[in-house]
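Chain nomenclature is as follows: A, B, C and D, assigned in order of appearance, with residue numbering initiated at 1 for each chain independently.
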Amino acid sequence: MAENGAPRIRLGMVGGGTGAFIGYVHRVAARIDGDYELVAGALSSNAATALESGKNIGLAEDRIYTSYEEMAAKESARKDGIQAVSIVTPNHVHFGPAKAFLEAGIHVICDKPLTSTLDDARALAAIKPKKGAKFLLTHNYTGYPLVRQARELVKSGALGKIRVVQVEYPQDWLTNAADPGNKQASWRTDPKRSGAGGAIGDIGTHAYNLARFITGLKTEAVSAELTSFVKGRKLDDDVQIKLRFQGGAKGMLWASQVAVGSENGLQLRVYGEKAGLEWRQDNPNYMWITEFGKPKQLLTRGGAISAPPAASMNVRIPGGHPEGYLEAFATLYSQFAQVIRGEGKDVAGLLPSLADGVEGMEFIMASVASSKADGKWTKLSEV
Amino acid sequence: MAENGAPRIRLGMVGGGTGAFIGYVHRVAARIDGDYELVAGALSSNAATALESGKNIGLAEDRIYTSYEEMAAKESARKDGIQAVSIVTPNHVHFGPAKAFLEAGIHVICDKPLTSTLDDARALAAIKPKKGAKFLLTHNYTGYPLVRQARELVKSGALGKIRVVQVEYPQDWLTNAADPGNKQASWRTDPKRSGAGGAIGDIGTHAYNLARFITGLKTEAVSAELTSFVKGRKLDDDVQIKLRFQGGAKGMLWASQVAVGSENGLQLRVYGEKAGLEWRQDNPNYMWITEFGKPKQLLTRGGAISAPPAASMNVRIPGGHPEGYLEAFATLYSQFAQVIRGEGKDVAGLLPSLADGVEGMEFIMASVASSKADGKWTKLSEV
Amino acid sequence: MAENGAPRIRLGMVGGGTGAFIGYVHRVAARIDGDYELVAGALSSNAATALESGKNIGLAEDRIYTSYEEMAAKESARKDGIQAVSIVTPNHVHFGPAKAFLEAGIHVICDKPLTSTLDDARALAAIKPKKGAKFLLTHNYTGYPLVRQARELVKSGALGKIRVVQVEYPQDWLTNAADPGNKQASWRTDPKRSGAGGAIGDIGTHAYNLARFITGLKTEAVSAELTSFVKGRKLDDDVQIKLRFQGGAKGMLWASQVAVGSENGLQLRVYGEKAGLEWRQDNPNYMWITEFGKPKQLLTRGGAISAPPAASMNVRIPGGHPEGYLEAFATLYSQFAQVIRGEGKDVAGLLPSLADGVEGMEFIMASVASSKADGKWTKLSEV
Amino acid sequence: MAENGAPRIRLGMVGGGTGAFIGYVHRVAARIDGDYELVAGALSSNAATALESGKNIGLAEDRIYTSYEEMAAKESARKDGIQAVSIVTPNHVHFGPAKAFLEAGIHVICDKPLTSTLDDARALAAIKPKKGAKFLLTHNYTGYPLVRQARELVKSGALGKIRVVQVEYPQDWLTNAADPGNKQASWRTDPKRSGAGGAIGDIGTHAYNLARFITGLKTEAVSAELTSFVKGRKLDDDVQIKLRFQGGAKGMLWASQVAVGSENGLQLRVYGEKAGLEWRQDNPNYMWITEFGKPKQLLTRGGAISAPPAASMNVRIPGGHPEGYLEAFATLYSQFAQVIRGEGKDVAGLLPSLADGVEGMEFIMASVASSKADGKWTKLSEV
């Protein structure tokens, strides 16, 4: 049961077979607040792997599927069929299942980026979900309480008009050529499965989405430099982008998978006319805010400052007791459960949507185009 | 289902009614890894509160109890009765339920400190559990992966013979006299419900246990200064203790609930003949280790260093994606589930036990006695 | 006397009247290691101010001048005349005195950027100093021991081939329109005195020089976005630049004077094929280095790692006892004294030169040109 | 010349021959603000070393002495004789020269601890200096601007009544038995030259003095545990002390020279009824202050908060440009110069005095006595 006594939502999963990282994360996220029960899965397109993976996590055999089409058809026909599905496949297998389940009237929770091509993204945004099926894109970093609080601070005018946005997401795990046996690495560096972007799709979109989520600024254009440093790699592993926002704010975005010594160093800094703020994902329970001419203040999740409702509603435990990545991910699941149950009016605007997914794809394609055009300023609407 | 496909263990809860902090934490911890299903509860001794609290979290009405005795009797008689119970009441209501459930053959997960008196602790340690019922004391900080890794480092001899141990746990939430309406504060500052120790029982035992867990050193004696700074407070809110360990190591332990600016600043530093290490709970995904004469190294949970099995088995996600308090707590639940299911041979030695609980009570009583005797060095065995 | 017993070098100063920040810094830097004695000054072009300022710092009246031309003429004619001069005037008054003193055979220590125009810079580089007079440009951040050590690490190949360089210098002191009475702010925001660049000349050149000094990489081209956020400001107060280095490395440079909450946040991060390093000016006694696949290491100035000679020769005190900005500045003075006395063969390559100054001006002008051309990639040699 | 145009004070030095650390530090400190000129020295009791050392730093041969008695006699007889002397010898050679110079009417700047015995300390405090000669004890950490600001904050009542003081000074350089050739280590671990205390005299007194300086609290009694961890070492290398202050505040003091991974980790935390503050010497340009119930604030030296005069008068450069150990040391020299010149009324109360030196010796002796008496609470006045 959920902590509010509501019955659990019956959940299915596409992808996420044994050994897959992000499928596991989605399952934990679904469990933390007690809102979901995983009861069906098409965990792999390989039948034997699908069966073994399903058994490993305790699914009943008749609800272990080897294709998402079959799963969508059979589950939507069951009285106790799944109400929602998590799609945790590589990018090129987002569009098919998302379409299938939405058209079957089943709510969709989909990993990012939305798809592997912009056409797919736009097509997905254009379909008519059956029975009002809802969609959640798991830009999970937006679930951190202090990220929500940062967004509220900007909205409240505490920073004044925004001038400068610095966002970055350095990693180092692709410093060398990926071992062919590394599943995580191999599809992410393969244009057929990942799409036209490498680091930009995998982590650049997270950085971009975070900047957009917190500042609320709309993007005017990008000037990008995408590089593949590792010999033989077909997609970018380092991304340097200048951003122009509507209204005059300027930004820089750096994402890298070859920045030795970086694990998941997502960081955002926003400077307005009146104040600045800084937040890092690897120590997410703290955020700096500085009003011009005053000392820096260290806000803590669940700490001294009573956060606005949009930020505090997903604080689980007191300040100084750290919450992390899984809790932030779980917040998206939990608040999407509220939306599904019709309780979630206040949170709908906070949850990453299909529109955010389309914009993410536009950001990728505009950046790729700009980089090919020697950094020419390129509008997201031009691609 | 658990991630390994095992069916969920049926769990009950004593205490943890609506609004209680630690009961909520135990429920989340029980859910994270999917090993438990909460199906029964005696959430309050007040019948109306018990009923409402039980409904709030979706318990069936016939499994909402108003006394733990009734719950132990009825659940042990059911075919689908609970297999384990979480005890999350104030200290003086640990002994009764722990005894009742162990004697009913139901596994017990109990919050710390073990009891409110040393006699109770010793009595509890002396009973014979029915059907091999097991006991887990939730010294939750021992569940952090880097705490486990620190323990392995010490055991491996990487630090050499330990010389100095500095441990502290400052908070500030009791800086002023507690609001009588604050349930958390009121029982903790009431000798009848908390026992002879205030801060020393609530957080001092955590600090003590952490030092013991990581270093493996046995305690020789304590010299304590316990102070109540807030007017009218009956129990200590600041604890300053010198520690002598067997073999010659020396330690200092500070715990405070009036250290303004501190949230949950549990910190341990250990210095041996060859190396030193430092770890803080409020940023628990990092640990410093320094070999003498070499630069400091920053170890990360799930990071570059392949941790020994005892530490890595509870790493859920990659380095740089923070895990927190709830995950560490969940690790105790999950590994206790392994013990219950007979899978957990490797982890049994890692889980806090009844013996640890008795020693914690001895630590409290020896410290109280030493403080009353003007700081006289007092052995744990003397109380 | 210098610590090595050498007699003090007789020093003059141009600019640096009472209340001037950077003049004071130069005087302290000249004193720290005991290599200089300030004996003459043209501290202001205003006669009364010059006199009062000179008396305030104890100059003899006959060596207080009101023009640098007079000072160059008279001092070079004295038997006990100055051997070196510090030029600490606004940018547009660097060229004149530098030329005058070099041509008078007096060594020149000059604040950066070299001049206010690129023509001046090139003209200065072309003159023939009399009697082998030497020139030092005070890119003071290169004097930090760990900056020197970083340079040695790169040179030694410890990082492998460099791929990515991230450098930034955020400040916030020009967040609002400058008070007309603020001398520091008024000349820096005035194109007539500062030159074509605002933030880019004042702090962007420091960031650029630091990246160049540590990596040794040559610049291919820049793509710049210069912005004036404050209404009415004539020069840039925020600078966002992409850098292409010869050999394929890519960089980003951000300098801002409107980043609220930033004091002097100069920071450099360099990533190579084998290792990465990070250093910040506001806590300059520490540097991170991470070999790929190993834990991060924290190097300390004067600490466990025996630094190569080029880095350790300017460590004054043991690790953990911080040295700061003034000591780094003093290192340039002290090592320039070695050059003057003919002792400094080993250090000459470390000291910022006229050529560095010309390149700094090219960097400014190329960035200004690129920004005007909508971010077009612009070579330093094109301006 | 000093920055205020005053002529330099003629300075001598006792101890500080070539290779000595602290003598060098005193010389730099004397130079930074331009208030002193070193003109004479008895740098070693070995004639050859004294001569070579004197020449190395440029002293005239007739002012290089081999005994402090000779130096006191001859310099006080010269018209241009020294006005002040720095005593930078091992502890057991403080008393003799301090007495000799004070009685010769020469101001004394003396390293800490004051002497090697409490009798000497009291005898020194009892003598009558000739011609009003002044005395400065170089508890150099009191010269840090933020330490001064912390003191002002406490005095102003911003923290409310002080409850808890946590101070520590860990190092690791004596982790192993000292190399007999290490001069720094050998006298510090020799009771004949160091006195009855090892770590407690060398660094414990610094920690104690810092706590006293900032809080202004008077000490009631100490309960100490002094340990020699290294085999064969005659003096303590680890110090654990509980402190009772008059008025009820409680404290803990830890000093160690075997804490592997610590360089000079002097740290002070003070908690009052209304606020708490934290400061560390190894990053001294920052200080945390937290008002109860509000977010932590990070104060910076020279930063946003306008410090009270007692703290800001020794800020040399803007915030974000770090000052360090040498500047703090220089502040004592510079402000003592003001006292000598009769300008320093406002600073006299800030400078460590003979009385502070006597109290430091009482602290050492009381701690040694308490440790021998199994930690018995011991008053400073009892020794």
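Criterion: a contact is a pair of C-beta atoms (placed from the backbone, for glycine too) under 8 Å apart; a residue touches a chain by one contact, two chains touch by 3 or more.
Heads up on the chains, UniProt names are A, B, C, D = Oxidoreductase.
Only a predicted model underlies this, so the values are computations on that prediction, with no experimental measurement involved.
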| item | value |
| --- | --- |
| Result of counting contacting C-beta pairs for C-D and B-C, higher pair | C-D |
| Chain at maximum distance from chain B, centres defined as averaged CA atoms | C |
| Centre-to-centre distance between chain D and chain C (centres being mean Cα positions), rounded to whole Å | 34 |
| Separation of mean Cα positions, chain C and chain B [Å, integer] | 55 |
| Multi-partner residues of chain D (at least 2 other chains) | 262, 296, 300, 303 |
| Complex contacts: residues of chain A adjacent to chain D | 293-300, 303-305 |
| Chain A residues touching chain B - in the complex, by the definition given at the top | 1-7, 21, 24-25, 27-28, 31-34, 38, 55-59, 171, 262-265, 281-285, 300, 303, 316-327 |
| Touch list for chain D against partner chain B, complex | 159, 163-164, 166, 168, 172, 175-176, 223, 225, 227, 229, 238, 240, 242, 244, 248, 250-252, 254, 256, 258-262, 269, 271-278, 288-292, 296, 374-375, 377 |
